Each structure stands twice: as C-alpha cells, then as structure tokens.
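Letters A, B, C and D name the chains as they come in the text, with residue numbers starting at 1 for each one.
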Amino acid sequence: MESTVTQQTEPAVPAPVPVVEMRGISIGFPGVKALDGVDFRMFPGEVHSLMGENGAGKSTLIKALTGVYGIDAGTITLAGERVSFAGPAQAQAAGISTVYQEVNLLPNLSVAENIMLGREPRRFGGIDWRAMRRRSAELLAGLHLDIDPGSLLGDHSLAVQQLVAIARAIDVNAKVLILDEPTSSLDADEVAELFRVIRSLKDQGVAILFVSHFLDQVYEICDRLTVLRNGTLVGEYLVDELLRIDLVQKMIGKELTALDDLEHRAHASVVDESDAATFVSASKLGRRGAIEPADLPIAVGEVVGLAGLLGSGRTELARLFGGIDRADTGELTIHGENVKLRTPRQAISKRIAFSSENRRDEGIVGELTVRDNIVLALQADRGWFRPIPKKKQDELAQSYIQALNIRPGNPDALVRNLSGGNQQKVLLARWLAIAPRLLILDEPTRGIDIGAKAEIQKLVFNLAENGMSVLFISAELEEVLRLSHRVVVLRDRNVVADLENDGLTVDSLLALIADGRVASDDEALDERAPAVAVVAVGSGDGPAASAPSTPSTEGDRS
Amino acid sequence: MASNRLFWPVVMLLVLFAINLVAFPGFFEITVRDGQLFGSLIDILRNGAPTLIIAVGMTLVIATRGIDLSVGAVAAISGAVACSIILGSPAPGSLATVAVAITVALLISLVLGVWNGFLVAALGIQPIIATLILMTAGRGVAMLITEGQILTVNSPPFKFLGSGFWFGIPVAVIIAAVVFGLAALITRRTALGMFIESVGINPEASRQAGVRARGLLFAVYTFCALCAAIAGLILTANTAAADANNTGLFIELDAILAVVIGGTSLAGGRYSLLGTLVGALVIQTLVTTVYTVGIPPIATMVFKAAVVTIVCLLQSPTTAEALSGFRRRLAVRSGKGVAAS
Amino acid sequence: MTKLLEAPTTNRQPRQGRGTGPRGTAPTGSGRRPLAAAFGLLTSPKYGPVTVTGLLFVAIFVIGGFRYRGFFSGQVFLNLFVDNAYLIVLAVGMTFVILTGGIDLSVGAVVALSGMIAASLLQTGWSPGVVIPIILVLTSVLGLLVGLMVHVFKVQPFIATLAAMFLARGLCYVISQSSISITDPTFVQLAVSRIPLGAGLSITPSVIIALVVVALAVWVLHGTRFGRTVYAIGGGEQSGLLMGLPVARTKVLVYVISGFCSGLAGVLFTFYTLSGYPLTAIGTELDAIAAVVIGGTLLTGGYGFVLGSVLGVLVLGVIQTILTFEGTLSSWWTKIFIGALLLVFIILQKVLTARRR
Amino acid sequence: TSGNAASDGPKPLDELVVGFAQVGAESGWRTANTKDIQASFEEAGIELKFSDAQQKQENQIKAIRSYIQQQVDVIAFSPVVETGWDAVLNEAKAAGIPVVLTDRAVDSQDDSLYVSFLGSDFVAEGEKAGQWVLDEYADSSESVKIIQLEGTTGAAPAIDRAEGFAEVIAENPNLEVVASQTGDFTRAGGKQVTEALLKSNPDVDLIYAHNDDMGLGAIEAIEAAGMEPGVDIKIVTVDAVKDGMQALADGKINFIVECSPLLGKQLVDIVKQINDGEAPEKRIITEETTFTQEEAIEALPTRQY
C-alpha cells in the first residue's frame, strides 16, 4: 500500500476516510482540564505521532480513545462508525491495540502469558500451552528478543518488559496500533527492531500512533504528527514539512535555547583529573548473579556515564553504589575511607542518592502528594522526630516545582495523578532535595519532554560544576556523551572500558559496546549506524540535514 | 477527601442515634448523678473506648499494609496478668499494687508487640498469619495465667480504670481520648504518619528513599499491642474480673471494621484516625441500638449485616457517582425552570 | 502484605535466557544439573513455598510416626482427608479469592448456613436431590452478591464478606436456634459409607468429591482463560484492565466460586456431622485462610497454587492429629501448642524459601 | 450394653484407659468441670486421655475417632451440640467401646449408642428459677417487669433455660419479660446489656440471667445506675459458682439454681461400673440444688469452685 497521506501538501482533507477520528474531546479531572476540545485523526497505513510537553494530555487522549477514561464531551469515530468504549477490552475487540505508557503487564505471569493473555490458543476447551509458547517465541524473535517465553516477566528488566508489551500489542490483528512512549527505556538496537516491525505493519495498512519525546525517532518513523499543548490542540502537520525548531516551538510555545549553550559548555569544562579528589571509589565491587567485580572511581564534580546494552548490568552496578543491593565482593571507599552500604538509608546518610529507572515500582509513592514525595528522602534522613516544618516543606516543593516545571504545580496533588514525565521530575526533585554529593541517575530522562530534558541536563551540569558527582545511565548514548566527563562501558555484566570523554563519538562507543574493543574502522557499524539517532536536538541544523538517511525511510517518504 | 469519606459514616451514626431516639425518647439525656455523667451517650462512649483504643493501633498497622489479629489475645493476656498480680499481692486495694500490675501488663504487651513485629518485619511473614499465631497461642497463654478461671479482683483503684469517673467523665473515655490524641499527635506532628503511609503504599520506593521500614513495622506492631493491652485492662477493670476466654474475643473484627468504616483502606496507605473514631462510634452505637430497640438476639446478626452493608454501599464511589449524576440532572432541570420563568 | 520485605528479593532473580538479539551471549543458564534444578525449585518464587510446604509436611508426618505409636499408618494419613474434606473444598474456593488479592470471611458462616438449610429442609421431607442443588444455588447467589459489592461498589473484600458472614450466621439463627438432626437415608448413607481401598484402608465419598473439586480447580486455574485471568488480577488489576482482560466478570465469579465451594463444603460438613447447627464452623474461615497461606499463596494475590492449599489443609490436619495423639494437653496448652507448631512450620518455610539478600 | 471391656472380666484400674473429649474451655464453669474430672480420675488411678475440641464438633468427632483407634476402654465426652453423633457413635459401638455422655445430651433415636448420660437438666434449671419467681411474686397484683439475660444464642443451655423459665412463669400473667437479650454468658456482656436496658426500662423489677457471670455483670450495671441490686432489682441466676454465691450471700443476688460442674466422682463410678460389667443407669441427673441467701452463706465456706 502506498502512503497516500503524505502526498497532499495540505495536512487536512486527505482522500481516504480516517480510521480514527476524534472530535472536540474534553476530559476534566478534579482541578485539571486534561483535554479541551481536541480533534485528532489517523489514517490507515500511516505512522502518526502525538507530540507535546509532559502533561500536555497525550496519554489522556489515548486513554479516551480506548475507553479507559470516559469523555466529558466530543465524539469518537472508528472506521466511520461512532463508538464509545466502556473499557480497554472493547477497544481491543474493535481493533485498537495499545501499549500504555507505564509498562502495564503482570510480573507474576510468564512472558508467554503476558503476550497471549486474553487470546490464548485453545484446545479441548483449555489453553494450548504448547501453541502459546510457540507463538510467543515467534513474536519475541520478531523483535529479536531472545528470552525464554516461560520465564517470569517480573524477572526481566524494564526494557525487556517494554519489548514484551510491544510484542503483545503487535500480535493482535489490529487496525490501529497505539504505542505510548514505547522506546523510553530501549537502546538504539531495540528501537531499530521496533521500527522495522512498525514499518512492516504500516505496509499492511495499520494505522500506528507513536508517542515519543525523542524527536529523532519521530522524524525517522512518522508521517504526520499532532501537537498538543496544555490539553488543547495546536495543530496537525506533515513531518516532512515541519522543522524541528518549529515543532519544539509549537510544543512549548516558545523557543528553546537551553541546549545550545550546554553543548558548548560540555566540552569546555571537562574536569582535570589530576587535581580532582576522588569522592567515591569502588574496587572489585560486585554481586553474584548481577554484576562482576568492577573498579570504578568517581571524582568530586565528575559526571560518569555508564554505557552498555540492555542487560549489560548498568543498573546493577549503580544499585550497589546506592546501597539498594548489597555487594558481596569488593569494597567501596568514600574519600578514601572504607564504607559498607547495606541499605539505601546508609547511602543517603553519606549523601549518595539513587534515582531508580523504575519510577512506578521503586520511585514514586503514588497516593502521597507531590510535596510529600519531594521531601520524603530528606525527611527520612532527618528522622521521624525532626519533622521538616510545614513552611519549609512548601518552600522546597515550590522551588522544585518551579525549577523542574512540574505540572500541575500544585504541591497537594497526588503524584499518581501526574503525567509520566512529571512523575519523573518529582522523583528527581526528591533526590536533589537531599543535596547529594553523589547523584546516581538511572534513566532520569525517561519519558521527559525535550524542554525539561534540557533543563535537567543543565541542572546536572551545574550541580557537577559545584562539586556534585554524578553517575549517569541513559539508553540515549548521545545524552551520555553530552553530559559525561568519563564513560564507562559495560558488557555482559563486566566493565570493559573506562574512557575519557574527549573525541568519543556515538559510533566509537557503539563499537565498544558491541564488541568490547575500540572501533578502529567502521566495519561493524555499517548496518547499525543508521538506526541510531545521532543528532542532538536543537543543534541548529535543519531537519533535512539531521534526519538519518536510510534507504528504507527514504522509500517511505515520498 | 477525608471529610468526604467521613460523610456517610457520620450520617449513619446520626441515623442510628435517631433510631434510638424513636425507640427510647430519653436517649440523648445526660444527667449528673453523684457528680458523674450518666446517660446512653456516655455508655456508648465508655463501652466503645476499648474498641476505639485498639482500632487506633489497628489503623496504623493497616496503614502499613498489615493487619493484627492478635489484639484480642493480647487484651486477654494483659487483663490476666494484671488480675493475677493484684490477686497475688497482700494488698490488692493499694495503689502501688495496681500500678505494678498495670506496668507489668503493659511491659508484657510490649514484648508481644515486638514479637509480632519480629515475625512481620524481620522474618517477612505475612501479617495475617504472623498475628494468627499469637491470636491462637496468646489466648492459651492468658488461660494458662488464669488457669481457665475467671479471676475476680476486689481492688477499687483497678476497678476505677474501667468504671471510674474523673471530673465526672468516665476514666475509660479519658484514656481513649489520651491514646487517640497521642497517636494523632505523634503521627501527624512528626513525620511518622508520612512514613507509615509511604511504607504502606510503596514499600520498595520507601526503602529506597531511606525510610526505615523495618523499624517502623516494629514500632507500629508494638504500639498496636500496647493499645490492645490498655484496652484489655479497661475491659478487665470494667467487670473487675479477668476472663481469659472472653476478654477481647472477636474484638479484632470490630476494630478492623471500625478502621475500614472510617475510610482507611486495608490495602494500606492513607489513613484517617478521625475516621476510625467515627467507625468505632458507629459500631458501639450499633450494639446499643440492638439493645434499646429490642432486636431479638436471633435477628441481631442480620441487622448488623444490613447496617454494615448500607454504610459500605453509601460510601462506595459508585454510589457517589450515581448520586452526583442524579444531582446534576436535578440541577439542570431546576436551571431550566429558572430560565423559563 | 509481606511484599514489604520480599519485594527487593523476588523482583531481582537473575534471568536465564538473557541477552538481546543475536549479539547476546548467554553466560549462564543452559544445562542445569538436577541438584541445581531442585535448588531452583526450592528458591523459585513460584514453586518454592509449595515445595517446601510439601517437604515439611512429610517431615512432620515422619516425626509424628516416630513419636506416637500407630501414627505412621495409611489410615491416619487418609483420615486427614476424611476429616478435612470440607476444609479442602473451602480452601479451594478461598484460593481463587486470595489469588485475586481478595479474601472471603464468610465461608465459615456459609458452611453453617448450608448445614441449617439442609437440615431444616430435609426435616420437612424434601428430597436430597432437591435440597443440595438449592443450597449450592443459594450460596452461589450469596457469593454473587458479595462479588458485586466488591466489584461494582468497590467495597473492600474484607468488609463485604464480613457483612456476608453476619448475614449467613444471622440467617442460621433465623432458621432455627437449636441444632437439627438429619435422618434422611441418603445423607446417612453418604455419612457412614466407606470406600475401601484395600489393606484395611478406606475413605469416604466426601473425599472423592473434595478431590474432584481440587482436580477441577487445578484445571480451571491452570488450563483456562478464566483461571489465568484470576492470576492476572492478583498480579495487577489495573494492568489486567488495560490488557483488555475480563476483570469485572472474573472478579465477581471468583466470589461466586467461593460461595459455591462454601455451600458444597457445608454439604460435606453435614455428611460429616449429620446435623445443622447455627454455631458450627465459627472461625473456620481463619482455618481456610491459614491453609491457603501456609500453602504458599500470597495474600496480596497473584502467586500460589490450589495444591498448595490442599497441603496447607493437610498441615493443619496433621497438627490436629498430633494433638489428639499427644492426648495430655490441657485446654490452654492445646492452644499454645497449635500456635507453636504453626510458628515452627511458618518459620521453617520462610527460612527454606528465603533467597539470598 | 454391647460387648465392652468387661466381657473379658474386670481389668485392674491402673490398666484402664478412658478417653475424654471436652468441649473446650469456654468458661470458668467448663474449666472447673475439666479439673474435677481430671482430678477424680487421677485419684482413682485410672489413666485419662484428654482432648480439648476448642468448641468444635468436628474436632470432637476427630478425637473420638482417634480414641477408637487407640482402643481406649471407655469414651466419655460432653457433646458440643446435641445432634450429629450417630455416625461416630456407631463406630464406637462397632469397636465395642462403651460411651458415656457428660453434661450435655445427644439427640439420637438410637439410645443404644451410649451407656449412660450424666448431667444436669437445663430445662429443669429454668423451671426452678421460674418457680422461685412465681413464688416470690405470687401475691403481687401489679405487673412484674423482667429482663432476661440469655446465654450464647444457639447454645443448648441458653435455649433450655429460657424454655423452662418461660413455661413456668406463664402461669402468672402479671409476670412479663419486657426484654430478652443475649449476654453471651459473660460478665462484660451482662453488664453492657443491663446498662442499656436499664436506660430504656428503668422500672424493671427482676433480672433472670442464664448464668452467674451475666448476673454479676448486671450487678455492676445496676450499681452504676445508682440502684441497689437485690433490693431495687431482684436477680435470679443459674450455676452457683463461687463469685455468684458470694454475691448471693451479700444479698446482691436473690436466688441461684445450681448447675454443678463436679461430675468427676460420678463419672469415675460409671466407668468402674462398666469395668465391672454392670450396666449403669441410662440417665443420671447430677445432684443439684438451689440456693437462697441463707443457704449460700452456709455453703460458701466449703464451695470448691
């Protein structure tokens, strides 16, 4: 099927009927108007992106479509018919397959079941387990995910879970496939696999909604996009006709400049190793089954990035530094003094903060307010009998709400009701509030919009300049490169390289990660490089120059 | 939010009051007799005091996602201990004896609480089973102490705890108020309440944020046992007799019911002590209503079932939605009416 | 509720089939030896508790055999089933409910109620062929009402079933305050007949019924969509909803099943006691819950097996048997002894399943 | 009786084994009962296997089955409930083990299932209490208001004591039970119920409690209401435990119908009779009396429980 959508120069009035059409959608929550008269449509065989800042209403719009939330006003049409779903089950039955923003799977069931639940192949009135395993193994293989379908889902890392969720969604014979930030914890390779699948579905005429805060990914895979701001519709555009700068401007309503100067400063302020005191240092620190003994010194004011593939053990290493897990070999010194971190509490008392990648299960405390969540760690450190005065709490909360642009800016809102990105910011605020000397950030920018990401990066940078050490993990390699003074590469739970960040490029890092040696030439990169989003946002170049030019994408865009 | 959740329980309380008033016009009368307050409402407060005290401890336990089934047994043990000490002493009527008895009983309850805390926090046993152990064995221990007999004590200072008056107010009520006030003060004026809630909502996140979940659990179960012991002393003093078989029997159900009617979720997290207070009052008033209205004993259970069901259904968010929809429709209609006129 | 301390350990089991895509080389995992496999069975969050429970049960039985004359016999073992057939059925129903993260406190009272219904109807000359279906339908309807309260009105299961418990118990009194004998020949026949197994061993028809219920439950939970949805709800109701699973229907049905099982257990109980008595089975709900939890099911839902619950019942039964064989305990020592045995059991179970921290 | 241990001649007492399945230890009365039985058997030099059913019939059935398996010489038990014993008693009969019931009866058509029933007659107790009330108010012309404190709903003593009482007082239409509530056989229950009922029925004349403990609770409530128990409001109870007798002696209770837990001696006698091959009487009613204040003062010093 040819992509007919993009042949029109006008985004509006395309020839075929939209498969999804939402008109005048409004949804209000107590105190917040999440959506206000939003129109939205998708056509068969297109990849559509929903763009907007954190809290703009993207997830809410998706949930309105699939019947998770009832709508206060507006109409929804699916393939020309008015629909109103009472719940996700009905939406699914009508051909809308969805991966929601937070991984919503069942940790207590096997991977195979998580993929097939609700559509299990049956035999003699019961589930045909054999067929189920076979089918799920096929689907996993389709995503190049080599895990045992019989293993418990809960045993896998968040990234794997995210892929499993995707596998589940693409198995359904859907007319519409919705992916709400599916790539937030995926590496470049997994993203490439996903895109391959998306393209083939698109060729089969499936309409795909792809939400992501990674502009590169959006520009690589999407045909059209709809921009939301503060719950209202900004407009619908053809991706090819919208410059990145313009897109960002439409999303945030003003120009974004934060990244520019960061880019410059990053290279200017690499810490001079010789006179920097080592703050914390690990020697032969390891934990059986999780991470092999590793050496890792971190200097005062230094930002160390951890790079590696999914499952390479970055999280596990970081957890040892944060006292989340106990190391069973090696030792940790702080300012040369031997310390044992048995609990997170002990780490915190040493001013080491660990911000988990799994914000829902290990990060936020959903039923508590934004204020409580922000002061939690600080208060825990002070002890229960020395409560932070109410006024001080409010000040703290307010200052971080402003600094990180948390929305809604109401310290009494329950964190559970915040959008994903805003929850992440609250989590970050909690750790900044304890004024850490070592801040461990495991995927801190997961699901964070582009403006906030820049703010956070700037913040990290400034804090590092003021003497805070940072251990930084991100699936986005260029983010690692942009922020880090040093990059430590892990592979199969081993530290394989420890490099100064001068002259490092995404390509050379990738080679290291993949093969465990520094790339001398670019043989290994030939097929992989295009899939990696290399270009920094807002670097000033036009979209044409920065868009990765692979033959396949080119073919899709006329 | 909390005030919202309390709306229907309070209404239910008022309805029960009204029923009582119809059955017995003197229900609201409070007179002063021999310098003591006297009346049905006072009885409700006094008899509800032990349940309330236990429910306060239970609220905190439940907020951490736990439950404590052993409170009845702990109450029985503390009553048995106190009575047997008083009985065994040469001067059962002396204040010192009673003070010693009470102190020992409370100390023992602390040990029992720590024991529960140990099973739950240190060994990670599911609270319902962990406390089931003490629920079963504890009553055995209480009976061991009394040798299965009802120990009647003749000790005015001890009796004072259960049926005495202080400035005209029943001592039991004063004790309940103090326990309630202290619990509210300690958890809400310090960060304890937030920690308890946070551990109840997301234990792993709380741990990573540096909250000492283990210590907290120890503290909470110990406090709950202490509450149970205080309640046990009041219950025992009320009849001046330790009845190891019956003191605090099924009181855990009443306490849990009070907590839940008060709007605290058994899934842990946010709790409301005020709600628990209302819940305990509803339960005690319910019992009194059965007596005043003269509901025959065979129908008592059905009546209780009906009241609990009604409170729960009224409190339900589904009902609230349905009601607000109805109200909205009413408003629209009346709005139209105004526009037309 | 124990998630509290288990969370950090259960979540972080190193996975085996690791690696992402063609590049990933699995360093461990393939070719596990039997010893490792056995160890894995013990420590797996899924099978560990059940395995340990089974082993401990065998251990208790063997120890009892050494300690008491006549204990280590086939009939003593079979009597565990004979005496606890009704409890097995109760525990099966309870397992469904607890797997979804709920709880059912009404089962004891419903057992009493179905006994009362049976006794009073049989007394007025109804035929057992009518009475038993009526009981099963009535208790299922009661379960349905509870399920609707829990799902539609979001009433916490603890409270909804507590109300049902009051109601069922109250209805018992309404039917009759005093106990009623059952003299119906069919019931009497079912009560006294024994099915010989050879070698002087025998069981009762109730045991067969209970085992059929267990087999059905195993099949439903592991072989049908409904059963998997039960586990899914326990694993995360919200996720289940978003995955488009029939959460509402399943959640309500689970209480219907528990109601049905309680009714059936009540009927088995009347086979056992041949009477209806309003005060019977007080506290039996705690036995059923304890059996389920001892059997390794998490009260928070999502993890556990029916067979574990059966083991749990057997453990409670064997504790009871030990008590009668001991034969010298005063009333209070009996209670303390039950508590102590329970404690030893739970702690051993915990220690044996504990994973490296 | 069917072939029992006696058929091969009497055994020496120290070879006899008796299995006793007690209801539980739900009250002081019950504990006294247990203690007396245990003490009596010890004194007689007969081995007693004891089991506590924790108020559960199924436990009692299990215990009896276990006694059958252990081939004891005599089984004695106080049934938790009257019904539902045919199956297990038939097993005992088949095994040739004689069964003695204590305290409570079983409701079975086939009275060959047990050799003897030793215990009180709860209905008669209710009647005795009623009779006293009838006599006390024989020449009262006004209506007499009575509050009844019932035992645990559904329990046999509660049902029977209410029945016997009601039957007798029906003779005098002036006697009117204005309220009847359960106090669960406990002091706390008795106190709370009385407290509430006194508020709505302040002019009550008499309280009839199904056991002493509830009566003692009622005394507390009456005193708290500023009235004098035994004078302003008369109290009649059943049981005659020590605390109750004391209250009776003090004039706070007016009349107590005895229900003795001291069955041990009589039970030992029955066991000996069986062992000797004699047939004990089918129904042995415990020797019980009633107490007025004077009698109580007299009996109190020798009261054992």
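Note that in this section a contact is a pair of C-beta atoms (placed from the backbone, for glycine too) under 8 Å apart; a residue touches a chain by one contact, two chains touch by 3 or more.
These are the chains along with the protein names UniProt gives them: A = Sugar ABC transporter ATP-binding protein; B = ABC transporter permease; C = Sugar ABC transporter permease YjfF.
This structure is a prediction, so every number in the text was calculated from the model and none was measured.
Enquirer: Considering A-B alongside B-C, which chain pair is linked by more C-beta pairs in contact?
Expert: Result of the comparison of B-C and A-B: B-C.
Enquirer: How many angstrom between the C-alpha centroids of chain C and chain B (ABC transporter permease)?
Expert: 30
Enquirer: Just give me the whole-number Å value for how far the CA centre of chain A lies from that of chain B (ABC transporter permease).
Expert: 46
Enquirer: Starting from the mean Cα coordinates of chain A and chain D, work out the distance between those two points in Å.
Expert: Computed from C-alpha means, the inter-chain centre distance equals 74 Å.
Enquirer: Could you work out how far the Cα centre of chain C sits from that of chain D, in whole Å?
Expert: Chain C and chain D have C-alpha centres separated by 36 Å.
Enquirer: What parts of chain D, by residue number, touch at least two of the other chains?
Expert: Each of 25, 31, 34, 153 in chain D touches at least two other chains.
Enquirer: Two or more other chains in contact with one residue: find those residues in chain C.
Expert: Expected reply: 8, 11, 173, 177, 330-332, 334-335.
Enquirer: Which residues does chain B (ABC transporter permease) have that touch at least 2 chains other than itself?
Expert: Expected reply: 143, 148, 204, 207, 297-298, 300.
Enquirer: What is the complete set of touching chain pairs?
Expert: Final set of chain pairs in contact is A-B, A-C, B-C, B-D, C-D.
Enquirer: Name, in rising order, each residue of chain D that touches chain C in their complex.
Expert: These residues of chain D touch chain C: 19, 22, 24-25, 31, 34, 49-52, 54-59, 61-63, 65-66, 69-70, 81-87, 90, 107-109, 152-156, 159.
Enquirer: Using the touch definition up top, name the residues of chain C that touch chain B (ABC transporter permease) in the complex.
Expert: Residues in contact with chain B (ABC transporter permease): 1-8, 11, 149, 152-156, 158-160, 162-167, 169-171, 173-174, 177, 286, 289-290, 293-294, 298-299, 330-340, 342-343, 346-347, 350.
Enquirer: Any idea which chain B (ABC transporter permease) residues touch chain C in the complex?
Expert: Interface residues on the chain B (ABC transporter permease) side: 64-67, 69, 119-121, 123-130, 132-134, 136-144, 148, 199, 203-204, 207, 213-214, 217, 244, 253, 256-257, 260-261, 265-268, 297-306, 308-309, 312-313, 315-319.
Enquirer: Spell out the residues on chain A that touch chain C in their complex, using ranges where they run on.
Expert: 68, 87-89, 91-93, 98, 100, 104-109, 113, 117-118, 120, 122, 125-127, 144-148, 151-152, 154-156, 160, 168, 187, 189-190, 193, 288-290, 309-311, 324-326, 361, 492-493, 514
Enquirer: What residues on chain B (ABC transporter permease) touch chain A, complex-wise?
Expert: Chain B (ABC transporter permease) reaches chain A through residues 189-192, 194-195, 197-198, 201-202, 204-212, 269-270.
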